[in-house]
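Chains here go by letter, A, B, C, D and E, matching the order in which they are written, and residues are numbered from 1 within each.
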Amino acid sequence: MIVSIQIFLLLLVLSGVGIILFTKNIVHAAYALCLTLIGVAGVYVLLSSELLAVVQIMLYAGGVVILLAFGVMMTNRLRGEKVLSGSNNKFLGTLISISVFGGLCYIISSASFETTGGALAEDQIAQIGVSFLTDHLVAFELIAFTLLVALVGAAYLAKMAADE
Amino acid sequence: MSETMLTYTLYLAALLFSSGTYVVITKKNSIFVLIGVELMLNAGNVVLAAFSQFDPSINGQIMAIFAVVLTVCEVSIALAILLNIYRKSGVSNLDELNEIGN
Amino acid sequence: MSLIEQLNSILNELQGVWTETALMLGAIVTLLVGLIKRLDKLVIVVYLLSIVVSIALNYNNTLSGSILSGSLALSSLSSSFGFIFLIIGGLLPLFGRAKQHRTEFFFFILAMLVGSLFIMKANNLLIIYLAIELVSFCSYILTNFTFKEKSFEAGIKYLLFGAICSATMLFGLGMIYGATGTIQIRGWNEVLFSGLFAQVGFVLFLVGIFFKISLAPAHLWVPATYQEAPADAAAFMSIVPKLAALVLLQRLFNTEIFSDDHWVLRLVFALGMLTIIAGTLGAFKQRNARRMIGFGAIAHSGFLLPFALLQTTTSSDAFWYYSLIYGIMNFAAFFMLDRYEKTGIYEVADYNKSHKETWIGVVFSLILVSLVGLPPLAGFTAKFFLFSTLWESGLMMYLVVALLATVGSLFFYFRIPKSIFLSAPVDDRSINFNFSTKILATLFCIVLLLLFFVPQMVMEAQQLLNNVHE
Amino acid sequence: MKELLIILSLFLPVVGGLLSAIFNKPVVAIIGMGMSLIASALTLILGVNLQVTLEWLPGYSLGIIVDDTTLILTCLVIFISLLVHIFSMEYLKDDLGKNRYFAKLGLFTFSMIGLLLADHLILLFIFWELVGLSSYLLIGFWYRKEGVPSSARLAFMVNRVADVALLIGILMLNKDGSLNISEMNGIWLFVPSILMAIGAFGKSAQLPFSGWLTKAMVGPTPVSALIHAATMVAAGVYLLYRVGPFMHEVALTWIAVIGTLTAFYAAVCALFQHDIKKVLAYSTISQLGYMIMGVGVGAGSAAIFHLFTHAFFKAGLFLGAGAIIHYMHQATDKDAQDMRNMGGLKEKMPWTFRAFLICSLALAGIPFFSGFMSKEGIILAGWEWANQTGTWSYMIPDIGLITAFITALYVGRMVLLVFFGQSRISSSVSFTENLQIKLPLVLLALGSIWIFFNWNPLAHETWLQGFWMGNDLPVEVSSMLVMLLSIILSSAGLALAYSFFKPGSTYAESYAGFGQKKLKILLEGLYLVALYEYLGKFVSQCAEFLSKIDEKVVDGILHLLGVGTVVLAKVAALIDRFVVDGPVNLTGFVSTAIGDRLAGLSSRSVQAQMMWLIVGVILILIWILFF
Amino acid sequence: MQNILTYIFILPLIVALMMLFIPAERWGIFRRLSLATVGIQLVLAVLLMINFDSSLIPENWEGAFQFVEKVDWISMSFGSMGSISIQYFIGVDGISLPLVVLSSFVLLIGVISSWNIQEKAKGYHILYLILSSSIVGCFIALDFFLFYLCFEFMLLPMFFLIGIWGGKRRSYASIKFFLYTLLGSLFILVVMIALYLSVMDGEVHTFSMVKMLDGAYASNTVLDPGSPQLIFGYSARVLAFLFLIIGFGIKLPAVPVHTWLPDAHVEAPTPISVVLAGLLLKVGAYGLLRIAYGIFPDVAVEFSGLVAILGVISILYGGMNALAQRDLKRMVAYSSVSHMGFVLVGLASLTAVGFSGALFHMISHGLISPALFLIAGVIYDRTGNRAMENFSGLAEKMPVYTFFMAVCFFAGLGLPGLSGFVGELMVLIGAFGSDQFSMWIGILATLGIAISAAYFLWTIQRMFYGKYFVREAAWEQNMLDLNAREKLMLIPLALLIIALGVYPRWILDFSDETIRFFTQQFSLIQP
């Protein structure tokens, strides 16, 4: 069961990545990204990070992809034709990304990991909630402020664009 | 969760990361590049989540959650800037953005 | 530890973040005040007020060590650098920003201050990541604040480059987390760090910090950004986040893991030398003055780097002195660049139009001389301390590179005085500088001169301001 | 008092010269010279003998020494100089630059006196150089004329090169002992000895340095008189005379050989000159060769004696030549110095003729004239020396004798060409020999008669010799033979000259007559004549060859050296531009090139930047993995 | 009287500061102020000379200096380097005194020479006064930091003075000058740091040159001669000495790092050439003498041969180059290279007479080269051209000029009776008497005298002798003889050149005891 889910998720991610890599159509790529992100969310579930999976689907698959889609629509002349993106540096890109992949795989394969950590808490969401106000209080404060900044920034910049 | 599973997850992360690298380097359209960046960020999140399962205080997962939030912020800012650029010059491909120079 | 105890300790330790809190509040108030049309004259007042309050709070803080469940670590270094940041922030209105966009500008500056202070104090990977991202976001946004096509271009390029760096850093964070099992930087231990996985993770993590310090190979964003960002933002960006990241680096390396001859140290020193070389050589042929100074700032990152890595007391004293002087010099340089740009002079070659304004030219030249590191300006003392530190620590290669780069830097910094005074003069009557510019420029110059002749002032200031004692 | 007299006689010439320049009154210079002469004569009469030192540099006390030798030579220099002054009054009376002329003349005299007085070698070197300077200034006096600047420079440079050798020699000696001549003892090593000798060769125009002296003829003729008679060229002989006793034996031999060769070579050259001043110049070189030879064979005092007598008759000859040239300038547009344009001047300028004749005879080495006595002393000393050293050494006095013969020959030729026969130019210009011209000529001619030096016209010693150290070898009776030989040779020379160049002779105007026809007649008539002609031709060819060598080789080497230096300097300049500056420029080029790349990197597309970032990270990782 | 050195040092700075507040339109006032300032400086320097006790026989360096002033300047604690103490510490001994007097004199000549500069006169005179202060500061500083400050601070005014008031390629020349000298001064900076870390005054690290000269090293420090330390495999002391040779050698300048000099000289305005040749080169030589040789006598003994070879190469190479030049100023510039080679040889001889000769040659060259540049400037002022082939027979039109030219040229070629000869002679005596290197060095150096004669005479022949001729008719009307101002500059110079040539102990008596003490240091060291 687990294995078949794993294989399914892997296929999901791989197909998403594959489309992104080889398509020229940005809209397709955005949807493929959505596919990938959902697959990754599945992986999160398998990694017993349920909240993360939820956040992933809500924020990423929901938010980011829609943002990107809007972006595509707003920043490209949409007169019925496809929104295509050319590529350059293909050879170098391939070379670099393959060497990155190879290098990382080599590093991963040569590493050995401590897999005998303590048991995870039952109620991860509660645990995370508490930690936001205790251990990660500063981080929580900070991300809140960052969100404000990003919000103001994005809004202000977008307003400028709209004012044109 | 076995070590093998962990390793495979990490391979997946490596795949995502290097695919992101490829997209970032090769694709001309700036939104495409953003997509690549998302892939790379996701790779990082996968790594965090993968190790988080061995950590009772699940710091990795928390960090990944924060990272996701930050990513959204980043994308929104990026899109705001792209919008401005598009409005000003009608350009959305990065290689056409070459006004600045020496 | 029970939840209650934990909350109590948090309450006790909250004074460690009062400075930042005040700044955040100040930022929000600034934004709100700016929204109200009638009150928008008050923006600067609110801005300055929040800075002053923060300075007072920073002065008041006596906490040190790790606080708030290990999220932050306070030290005398972070406390004293806090003053540099806040003072630089406080000086920023001197640029005389026009009313338009002013509220938002100062809002983002305050946010960047918050981020920088957090970078400096961050004690776990999460805070490091968050704080760096906060500063980055502010920088991305501020880069666009001239609202011209080129500045948006610079903004998106900066953002994309930064995003790559942050993704790399996140990946590295994950690897470190996996290898060490903790996000606390104090929790790292030697055994775990000997593995290749952790080492690679650490390097990838460093890329994110290098991005903030603008260290090679993550320095490539600097020229375009400094060139197109508003001058005040560029001045701020070239000083505050860089120094903050350096302080962070200093703490990262201040562990026994990185003993004398650790490969990471060697790597980072090599990159530091590379940075110096790249910055110096890159500046040679630049036509845009701001871009050239930007390359100079890259080289200065390389000059600053050893302080963060060497853990001697000499190094930390020199770090303080160099940082303060670097802050003043760079601020002054960008200030002058801004004034020239306001008269329409962007290119180095155009500076000959301003040959009639001898006094400003002289003062600007002196500031550049200080950036080169020649007596009798404080830049020399800073360089002198740098060389002393390097000599004392036996970093001879670094010393040689730094010395040669100093000669090289003369070559490009002096293109501006050369253009003002030595090139065939072009008469442009429209170019003149107002009185306040002259006064301010002179003041900067006097400060730089003064700190050469009385460098002990800088050291005493650190003693005086610093209430944090480890 | 005595010091004051010495100081007066030293400084009055230069002070007088300067004052005359400032006040534009040449008379002042003459008065200065006159007073100087009186002062030095007084010192001579009083018999001053003193030594004065002054610590000039820390540890280096420069001293002057005043003894009989220096005094008598000082008197001589001042006397000759005074006469030259007087003569110049007339000779340069129309010249615009005569103010500075007298100042320079004063400086020249001053330097020479200083050189004579110097005891310390460094002090000597100082005046030595000043002599060089003043000769430069005087030779270049007519600096507008073509060829003059380069001749002046040549003279100074040749001297300078020799001076460097002298200085090196002095400095080498300094390492081991005192530089005060009066305190010297022992024998020097060969190298410093020969270096000193080279220095002397330079000043005294010996081979291979002799070229400058003929070049120096471009200066005013009275200056030539001064240079040749008493001041400049005498310096070398004087130096060698003073340091001769300390010289290494081998070096002395070398000196003798060089001196002899120079004497012979110059005499042969003189024979074939047409320019009257050139003839005199070669004769000076030749006579200096005798003196140098004298020093070399250990007859220093004989050399000084010859210096003394030579000063008189050579000054007389030059002043006479000056008068002749002065006249010729007025009389004709042709070359005023070419003897072929002269002739028959006996009637035109009788006083000049008489003085010139006496001096010529002295030069030719005819008994009853001073030149004979002193020259004889040298040749005899050479003979004695050869007696003691070895067979081959006889070459030296032998060549000396042959030179005496040639000397007589060219002297005869000169006198005959200039004064006898018919005037070769038609000119009605009359020449008044006024006092300024007559007086010096007469005095010098008188000084060339034997009686002032010794009652015995055949003696080779002089009562003046009491003034200088008698360090010569004793001369034996067998020397009578040599003396006889010498007399015969000189007379034969004169006779031969007359037979060749007597007025109306075909050879009188040129040597072109040495043609085939004449040779045939001579062969038919008298074999001796044929032999003469053959010899003459051979000598003429040799002479021409030697003259060419002088022009082409000796001067040529100097020119070559000059050209070579200039070429080398150009090469050095090129190297400077491309090689020495090269690395700097190369570094600049390379760094700007790299800088361009780096700058380009930053301004290119953001994707390229990202790529570079990632490549950088990969490189770092590789570094980690493999190092 | 006790503070006289401070007055000499500070006075120009104060006046420069005052000048800032005078409106630039009244340009005439600046030159008068400058003249007065430098004049007072000269008077003070002469007073200093009169009051100097030249009979003082020092026992150690501490006691060798007179008119010493010592005030704490910077005193701060600095990491593990301990307390940094930098003092305002000045004084003169027999070596620096003549140089101080020379400086004020040449600076005065420079002011007179710049009398006609109207363009940006304010800036010019301010920079000039700053320059004058820093030059004097170099000679009187006894604290290494102070010395370095003055040494570096000469660069800036010089850069602008050449760059703004210079000739056609002025910016190239000024940058080249700046780059070269900055490179050199960084070498010196490194040595300064090492010395600072090694020398102790009691318990405190010190920059005091006196302590460095007296060898007050803390044990086991990097430059402690007792425990030699290695850097890159070389002894630290050797490296430090070589660094100083390079650093000061650039300033001197020695072949092969001399190429900035001809360019800088050719492009600089006449007064700046005067100061550059007359004083700045002397600073390099002074640094070698005082710092390289004074502080590292043990290494100096070891490396004298090298320095001497450098010197000989400079002499011959500079001379040969001068011979090939067509530009009068360039020729003079190369002759400076050649002459400074004699200073190197004199130093390398490590004998008292060689040292005295080096010092004397510095002084004498400090008089001759300004005069030579003034001579070149006269022609340039009149025609804007200096190429030798454009002039001929100037002696006819400009006899007074020719007279001064002759004095200077003959002084340059080392004619006895003029000061140039004395220095060269003493150096050569030192070189021949030295145990440090073979006699060939001395012989080759002596050849330099012949070369110098060659180029100076060649120049005279080309430019001053022969038929009168100037290339362009427009110059004709300007070819007037020296005016009063030019005479005012050249007469004192010529008189001094002659006076020093006739009686050199004017100067040598001041330095005699100091140099004797100095050279004793070398004899104490067993090679």
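Convention: a residue touches a chain if its C-beta (ideal position, glycine included) is under 8 Å from a C-beta of that chain, and two chains touch if they have at least 3 such contacts.
This structure is a prediction, so every number in the text was calculated from the model and none was measured.
Steps from chain A to chain B, taking the shortest chain of touch contacts, total 1.
The chains in contact with chain D as well as with chain E are C. A centroid comparison over C-alpha atoms places A as the chain most distant from chain E.
On a Cα centroid basis, the chain most remote from chain B in this structure is D.
Central chain by Cα centroid: E, whose mean Cα position is closest to the mean of all protein Cα atoms. When the interfaces C-E and B-C are ranked by how many C-beta pairs touch across them, B-C comes first. Annotation: 103 Å between the Cα-based centres of chain A and chain D.
Our note on geometry: chain C versus chain D, Cα centroid distance of 80 Å, whole angstroms.
The distance from the centre of chain B to the centre of chain D, each centre being the mean of the chain's C-alpha atoms, comes to 96 Å. Once the centre of each chain is set as its mean CA position, chain B and chain E turn out to be 64 Å apart.
In chain C, 126, 130, 133, 137, 140-141, 144, 147, 156-157, 160, 164, 168, 178, 181, 196, 200, 224, 285-286 are the positions where the chain touches two or more neighbouring chains simultaneously. Multi-chain contact residues of chain D (touching two or more other chains): 599, 603, 606-607, 610-611, 614-615, 621, 625. Those residues of chain E in touch with two or more other chains do not exist in this structure.
The set of touching chain pairs reads A-B, A-C, A-D, B-C, B-D, C-D, C-E, D-E, using the touch definition from the header.
Those residues of chain D lying in contact with chain A across their complex are 607-608, 611, 614-615, 618, 621, 625. Contacts from chain B toward chain A in the complex involve residues 1-3, 6-19, 21-23, 25-32, 34-36, 38-39, 42, 45-46, 49-58, 60-62, 64-66, 68-77, 79-88, 90, 92-93, 95. Of all residues in chain C, only 156-157, 160-161, 164-165, 168, 196, 199-200, 203-204, 207, 216-218, 220-224, 263, 267, 271, 278, 281-286, 295, 408 touch chain D in the complex they form. Put simply, chain A touches chain C in their complex at residues 107-108, 110-114, 117, 130, 133-139, 141-143, 145-146, 148-150, 152-153, 156-157, 160.
Contacts from chain E toward chain C in the complex involve residues 24, 73-81, 120, 123, 148-149, 152-153, 155-156, 159-160, 163-164, 170-171, 174-175, 178-179, 182-183, 186-187, 189-190, 193-194, 196-197, 231-232.
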